[in-house]
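Have a look at this one before I ask anything.
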Amino acid sequence: MIVVLTAQAGEQEKNQVIEMIERAGLRVHLSQGIERTILGIIGDRELAASLALEALPQVERVVPILRPYKLASRDFHPQDTVVTVGDVQIGGGKVQIIAGPCAVEGEEQILTAARLAKAAGASILRGGAYKPRTSPYSFQGMEEEGLKLLARARAETGLPVATEVVDPRSLELVAEYADILQIGARNMQNFLLLKEVARAGKPVILKRGMSATVEEWLLAAEYILSAGNFQVILCERGIRTFETSTRNTLDLNAVALARQLSHLPILVDPSHGTGKWKLVTPMALAGLAAGADGLMIEMHPNPSEAVSDGPQSLTPENFAHLVEQVRKLAIALGKELG
Amino acid sequence: MIVVLTAQAGEQEKNQVIEMIERAGLRVHLSQGIERTILGIIGDRELAASLALEALPQVERVVPILRPYKLASRDFHPQDTVVTVGDVQIGGGKVQIIAGPCAVEGEEQILTAARLAKAAGASILRGGAYKPRTSPYSFQGMEEEGLKLLARARAETGLPVATEVVDPRSLELVAEYADILQIGARNMQNFLLLKEVARAGKPVILKRGMSATVEEWLLAAEYILSAGNFQVILCERGIRTFETSTRNTLDLNAVALARQLSHLPILVDPSHGTGKWKLVTPMALAGLAAGADGLMIEMHPNPSEAVSDGPQSLTPENFAHLVEQVRKLAIALGKELG
Amino acid sequence: MIVVLTAQAGEQEKNQVIEMIERAGLRVHLSQGIERTILGIIGDRELAASLALEALPQVERVVPILRPYKLASRDFHPQDTVVTVGDVQIGGGKVQIIAGPCAVEGEEQILTAARLAKAAGASILRGGAYKPRTSPYSFQGMEEEGLKLLARARAETGLPVATEVVDPRSLELVAEYADILQIGARNMQNFLLLKEVARAGKPVILKRGMSATVEEWLLAAEYILSAGNFQVILCERGIRTFETSTRNTLDLNAVALARQLSHLPILVDPSHGTGKWKLVTPMALAGLAAGADGLMIEMHPNPSEAVSDGPQSLTPENFAHLVEQVRKLAIALGKELG
Amino acid sequence: MIVVLTAQAGEQEKNQVIEMIERAGLRVHLSQGIERTILGIIGDRELAASLALEALPQVERVVPILRPYKLASRDFHPQDTVVTVGDVQIGGGKVQIIAGPCAVEGEEQILTAARLAKAAGASILRGGAYKPRTSPYSFQGMEEEGLKLLARARAETGLPVATEVVDPRSLELVAEYADILQIGARNMQNFLLLKEVARAGKPVILKRGMSATVEEWLLAAEYILSAGNFQVILCERGIRTFETSTRNTLDLNAVALARQLSHLPILVDPSHGTGKWKLVTPMALAGLAAGADGLMIEMHPNPSEAVSDGPQSLTPENFAHLVEQVRKLAIALGKELG
């Protein structure tokens, strides 16, 4: 941590800052430049970060040097983490496709979706039973009934099931039915939910918040890792920008960057990332080329009758077409469709 | 709701869309332009919004016409809502100042802060007992012990207490001690928490999410209103933009706009909105001039020793100075410090 | 164009709007809904767009229906445009790589760069002679001397040259030496320069502005097209978002979208798009997978001695490695390195 | 400038960096932390900034310590700059209102606007003769004829005239007629135009680019200052964010911040900043409360007939009402309407 003093800061004001740092049990490395005095803080990162030095008028700014996450970093864990769900491996040279409707709407819908997903080449089924919706007047999910239908679809197709958790109170119930627990973008910084989900002992898909920096995303992962659950899968799903011709801006820079900063496997969700089914296939391919370990795709037996996210859902035909293109691309990238 | 067909859409494709709309029990108003066919949907807004027409290839886009919230809108409730807490009125020509430290850190700290806040002219005390923190390694709040200290500060000063709720499981406990429940920016779209907080029967401060549009903010308010709690106070606290020289970008446009679209009272939080104590006073004044009904200000007896948000906290002296300027400005705006 | 009246608008206020529209020689299609009155304007799009109806208090909002560009749209020109420079085709199933240093720094530097670029597989040489720099104290380019060196590099390697134009006054000079004129991101809405560059009769690379929507980007292209120059190549180079761990956010959604909305060929510049050489290769591949027709890559014989953009420039070795990966990927995408 | 090496960097790699720095004539201050090695560069800021150290694989990042502008900073010039145009003072305790239509449309329009602006209390007339327009099909301004009409309006009312310059080739002509030259948001980084406008020897209003950071804005000012023209007036006019219910997001944080970082006077343009006439008055007041020295307001004799920006233009009545409120507010802020 580097502390830059203002140009006006005098000897006494400098000493006040040094004293504050030393009183906290940290050491100071002084660098007297021509125009600015800089203090380097040496010692425990968290302790240094807890000092409110910027509250002092003689401090111009404080620059953190070390990254604030540890367990999520490649420095800590240089090898790629591979998360295993049944016989499905996420990370480690495989490309996995998680597919299914936005929401579970009924038995026929989810069973049909599961069969079609599997037939086309998906390895995991998705479907929401608890739906966070922008409007209180929108469909909020089938809840436990939806979880049961997901379990039925798994029983029939053998596909493991990924579904979203939205509340610590229903977490145990969801964990009973699901193979992978998903934290949605809106809950990426619901820190209590992160701590709880860590304790459920199942793999967790952690979606990036729509205005979360990569650093905040990895810190959210750190909440789960530091609570003892290392089976964390990152998922980029689009950020909010000034561009409104797409629902979100799928940020593939973040995928390439997170791959370098972290050892955790990474998925890309081009359905939410674009909000437009016509853009899902090119952005799915782009996501893999950027380095993702898999895709999360909204596919519905009949998108125009979907109760949610129809406009970004692929038809079964378009989904099968996407999988074919993914298969070819994976080989060119030295990977293999899982 | 307006449905624009693609230039390529033929008669049959047009009829398919019309049929879908009519099958849902809605009526269609057809407008055949020279370059595009436009279908106006007449009937229940929610029903129309639930149709996934954009999933059809012949639909270029769907344009909503009516705003998606009702109870929060001025069309529904033309008069300004005034929320009353004890004898403090939020809205209706008064300017209220909510002040206190980011987090409750101990008895002496919160009692001192409360006394200083009151002495300077604040009418409500703030202080966090449950703290949502970006890093798992940061101080997470004193929890119930913090709530008790807030109650003690109220007993001594008579100031009502506002504090944040972060979890449905601790909501009842928080509601026991607090006079106003606060939903933080990160939880603005934690819809289950919104529904629960509505049932607690206390006034709610609803902070705007850091990437929430004004429409989404009012829809979050609609969650609380539609669950039967009309004592909702909006609070603008800065949005996330490309500009990083301030922690957030306090969006006062949103204050002026929300005042026109909604009847709910609005606060401005320049402490989080800027992240820099040197900018708090000018932005507090700007917030009031933009039409806010009050301010939420982080003040700490000793900011450089604060365990959180020290860099954006005012000293007691700077806070007292802010209140003096607010007092003068309020009069020029035809209002009065509460 | 759709005009939505406020809920309060009465008969007389409605008639005032209708009269304004009809007075302009346009027709009105009235749609009386339950909660809102909607007026559809029928007739010339530009004429309708020129009416300032939102200035009237009874108008809630105006929604444009038709896209504001014509010549740049696929509706107008359904086939992909292919731009030809010498025997290099941009668009139409080829993948082209434009490579070279950010700035021309001297004879040896640009000749070495050109030879290395060609040897590795690039088909066009880039290099800036006029440099728009954020700080007045930074190197501003070698100007005419730089143009001459680019011409020498072309003479030696046979690679056509692309270079930036920043001023209408030096345009003629640049056009004398360059094969492709580049409009930089900061000049995307320098409309006079767009008009001038159109008249030079050479292919134009139009970089997307860092906060330009896709619609504004295509409107900037429309400036060039409508002045009679159809050899326009779009180039996505990253937009500005809240994420600061990369210099910009390369927006590949925009590439996929522009491909659908427009017939113009599209390049991707992952060097500016990320600002970090370690991210250039994955994002180059992602850009191609998203549908781009080529890449624009900063490569320098010795990046750590580059006078500008060193941190995002590839070494010759890394560049050669990138080309190898592009070659494989192009085949998987059904294309071919040009 | 601080150079942070990667955790993996060894002795030899460290020495390579040190050597590069010293070879450039700069000194190195070494700080060996527990987890990272940090090199402080001591010496000329510009020289240090020109090193492309981030191109080296052993460099994790480079952190600039000093601000990149000098002449624009308060460190260089602690007192507020006051710009004088005739007997109008911008800065120094006065509040000035620049008012007039977006574009000069004809003699009657601009003369009427000028008379109304003056009568209500404006001290400077604005009006565009050269209009940068997003679409090539929109009205592009009356050009020289517009300048002549502005001069006529000045002759009649005595109000000095501010108008936009868009091209170095017409700069001399504009400078002949105008009292203040305006650089529009789209040209904030048109560096050649900045250098040229500096030479015209007239005061310059420098609008902030819609995605420019405060630092980039001050660097743009530095282009003008370093070319010898110190009569620079900053103008905040809204930035581009995810929020689309307003045309732009007027960033008043930037006003408060720029006032602290720089000595230059600052205006606020709530017309462009919001894009909605109903929001202009509250945001004008907010801008002044945030510390602005004046306002730039679009006012049109008949906004619904304006050829551009009608939706954000005030009627003469609303403008007069705004001035009345500004007058009262100015007094409360210890200032005076000029």
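The first chain written gets the first letter, and so on, giving A, B, C and D; residue counts start at 1 in each chain.
FYI, a contact is a pair of C-beta atoms (placed from the backbone, for glycine too) under 8 Å apart; a residue touches a chain by one contact, two chains touch by 3 or more.
Remember, it's a predicted structure, so these values are computed and weren't measured experimentally.
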Please name the chain that ends up farthest from subunit B once chain centres are defined by their CA atoms averaged.
C
For subunit A versus subunit B, which are copies of one sequence, does the interface use mostly the same residue numbers on each side, meaning over half shared, or is it different?
same
Between subunit A and subunit C, tell me the centre distance in angstrom, where each centre is the average of that chain's C-alpha atoms.
31
With centres defined as the mean C-alpha position, give me the subunit C-subunit D separation in Å.
25
Can you list every residue of subunit A that touches 2 or more other chains, as numbers and ranges?
211, 240-242, 244, 276
Per the touch rule, the subunit A residues reaching subunit C in their complex are 211, 213-215, 239, 241-246, 249-257, 259-260, 273-274, 276, 278-279, 282-283, 285-291, 328-329, 331-333
Residue ranges of subunit D touching subunit C (in the complex, touch as defined)
20, 46, 49-56, 68-69, 132-140, 166-169, 186-187, 189-192, 210-211, 216, 219, 222-223, 226-227, 240, 276-277, 303-311, 313
Contact footprint of subunit D on subunit A as seen in their complex:
2, 4, 7, 29, 31, 33-36, 38, 40, 42-43, 45, 63, 65-66, 75, 211, 240-242, 244
